[in-house]
Amino acid sequence: MFSTFANPHRFLALSKWLMPLFAVLGAIIVATGWAWAFFFVPEELYQGATAKIMYIHVPAAMVSLAAYASMAVCSLLFLTLKHSIADVAAKSAAPVAAALSFICLVTGSLWGRPTWGTYWVWDARLTSMLFQLFLILGYMALRSAFQREQDAARAGAILCLVGAVNLPIIKFSVEWWNTLHQPAGFITLGGSSYAPEFYWPLWYNLIGIGLVFGALMMAAMRAEIFNRQYEAKLARMNRSAA
Amino acid sequence: MMRNGVAAIFRRELSLAWAGGSGLFLPAAFFAGTIFLAPLGIGPEPRLLAASAPGLIFVALCLASLTTLERIFQADLEVGALDHHRLSGLSMELATLAKVAAHWLVSGLPIALLTPVAAVMMRAETVTLQSILPVFLGSITIFLWGGIGASLTAGLRRSGPLVALLILPLFVPVVIFGAEELNHVLTGQGFGAGLGLLAANSLAALAISPFAMSLALKLE
Amino acid sequence: MYFIATHRELQFVLGRGGKIRVSENHSSFVPILTIDSLTAVRGYNLLFQGLNFKLQSGQFAALRGPNGTGKTTLLRMIAGFIEAETGTIEKVEEYRERGPFYLGHDHGLRASETPLSHLTDWADIHYSPRSDIPDILERVGLTLRQHVPAYSLSAGQKKRVALARALITPRLLWLLDEPASALDTAGQALLCELMKEHLDEGGAILAAIHDDLELTPDLVLDLGAFA
Amino acid sequence: MSEPLTGQVNSGDIFIWASYIISAVTLGGLALWTAGKLTGAKKRLNMLNSHETEKTSED
């Protein structure tokens, strides 16, 4: 672990100012974005007021997919180039990805209750999001099951990559399965064919949630690096004292 | 000659599983047990049972294979035999594949062969020998993805439930396509397209899992 | 006769009966193992750093140091099970890209395996002839118990099976982690005999030993010095 | 939650409120947890560094 800790200083210097900036900016944008969607967006034609939930659901879905994708890329970087920063990034992105997937699922089912009449519908996107959440929780559980950091990192990276390969397959198979069992005329979870006054708040919220994700991930990474440095320094001191 | 190298690992794994005695038929027993209990829960009404038969058979297959997947690598790791496989000069990819294949032959295949019996018990209309095919292909995919889970948690003490949590999402395509195809077979409709999809799944798993497994096992 | 290992145009010829014979036209010392500036970490404490060590053919090196200074870690690192933090380990290229012979604390026998079945599988896995298994069993004194399953064998007997493995697939570099543990006096004599033979034929041994066997090591590697 | 989990629902507002609140709670909770982790790690590291500097200044 010693040699690979040279480059975190570059990241620590960068994130020292970037992380607060993302945090503040993200918080403002999300707050105003939600307020904008909540108060000002006119009633949508046939979904009624519940369309407002879209402004949380869609950004959360997109950013959580991006988060899992970034975890997979970091895992690949860690396995091939042994960048321990990539491992720290993947480990720090997991909780945020899990939280966003959870929000996406909850808002999706809350949106579904008034619209379809039930809390859960085996819609392809919702179902593959559910399995993405399973994979992330599995990743976090697997990582915490190892004592040694290197084993946890390697096992987690392999699982994350295997999961990344499988997510598209899962999405396709659920979609195919859906067309078989679902009666026609089913309202999909909203595409991007919105009129402009619906369109801009969606983008605005997406940027907000994206910034929040960036801030939370960087904060978790800084904490992880400090923890590892703490343990490494502690070990060195014990040895020099012993 | 087929006797040396990876074939020897395959033969050794087979003989060890065989000699294990009771452990041999655990998955098949687990599968049969689930199928036996289900009608008691669902109720005797034939149409309902027949409708739920394919899905239940595949879920039982997934759960039954989980019982042995955990032991594929752990048994060798515990006694230190895995170290010698690493030093034997054989490619770890082929070695891990041979071990998974041996375990599949001992536990996955019997479950597939039990499918017609399970279908009869679930009052399916047309039970033919072809009903083995979907479960046969499905069990191959399940054992390959499951092998990855097993190799990831081999070093851990009590890792059984963790293996399940990790790889259940990977079984989704198998259960969807498999149950659909089995439904076609059991209700006498034409089948074959679904088998193609199932085979595609197993080929994907066959292509990916040896590398993931050997990567997980190669270094401590 | 077939080549067992090649090292920069020198060939090591495997004689009849599995003996390694270093071919005549070579300088007496061939580097079997070269380690330079090796560092090892377990968890977050540093085991040793800047380790430099060279082992020639025909040499026996004793690995010393109090418990927990990383003897087992070093042996497993040379065997390739653990990745080195920094530094490199260069080993002679064994026949059929095999690794060195590693004798650890656990014997590698599954409960239902018998010495005969284990050694037969071992020979097949390594493409070695099965013909010399009977006299190897005789050599390590397991002929009477070759059909006894492992769960009713004593630790010493299982260690003899591990020693028999070294005879079935001869390799140049031996890594022994406290080989004498669990062996009775006859077993330790057998161990010394095998080690002597291996050294005479040009092989090299790195062994972590506490109690001094009759065999005096050519050089000593004390891990305490590299902590 | 006496009424059934499925079936027709009249006013949708409760669900909008619920999704906003749940999302805010989840994101807020995660932010607090991460901030706590960060400050904790920083504090421990600084405590160790100050301990080390004071130790080196002694001997």
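We just call them A, B, C and D in the order they show up, numbering each chain from 1.
As a convention for this text, contacts are C-beta pairs under 8 Å (C-beta built on N, C-alpha and C of every residue); 3 or more make two chains touch, one makes a residue touch a chain.
Predicted model, so just to flag it, every value in this text is computed and none were measured.
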Innermost chain, taking as reference the mean of every protein Cα atom displayed: B
Approximate Å spacing (C-alpha centroids) for the pair chain B, chain C: 38
Whole-Å gap between the CA centroids of chain B and chain D: 40
Centroid distance [mean C-alpha coordinates] between chain B and chain A, Å: 32
Mean-CA-position distance for chain D and chain A (Å): 15
Residues within chain B bordering two or more other chains: 219-220
Two or more partner chains touched - positions in chain D: none
For chain A, residues that touch 2 or more chains besides their own: 234
Chain pairs in mutual contact under the definition given at the outset: A-B, A-C, A-D, B-C
In the complex, chain B residues that touch chain C: 3-5, 7-9, 11-12, 15-16, 19-20, 75-76, 78-81, 83-90, 219-220
Complex contact set, residues of chain C against chain A: 39, 41, 43-46, 85-86, 227
Residues of chain B touching chain A in the complex: 145, 148, 152-153, 155-156, 159, 162, 165-166, 168-170, 172-173, 176-177, 180, 201, 204, 208, 212, 215-216, 219-220
Sites on chain C touched by chain B in the complex: 76, 79-83, 94, 96-102, 104-110, 112-113, 117, 121-122, 124-127, 165
Contact set on chain A toward chain D in their complex: 23, 30, 34, 38, 48-50, 52-53, 56-57, 60, 95-96, 99, 102-103, 106-107, 110-111, 113-114, 117-119, 212, 216, 219-220, 222-224, 226-227, 229-230, 233-234, 237
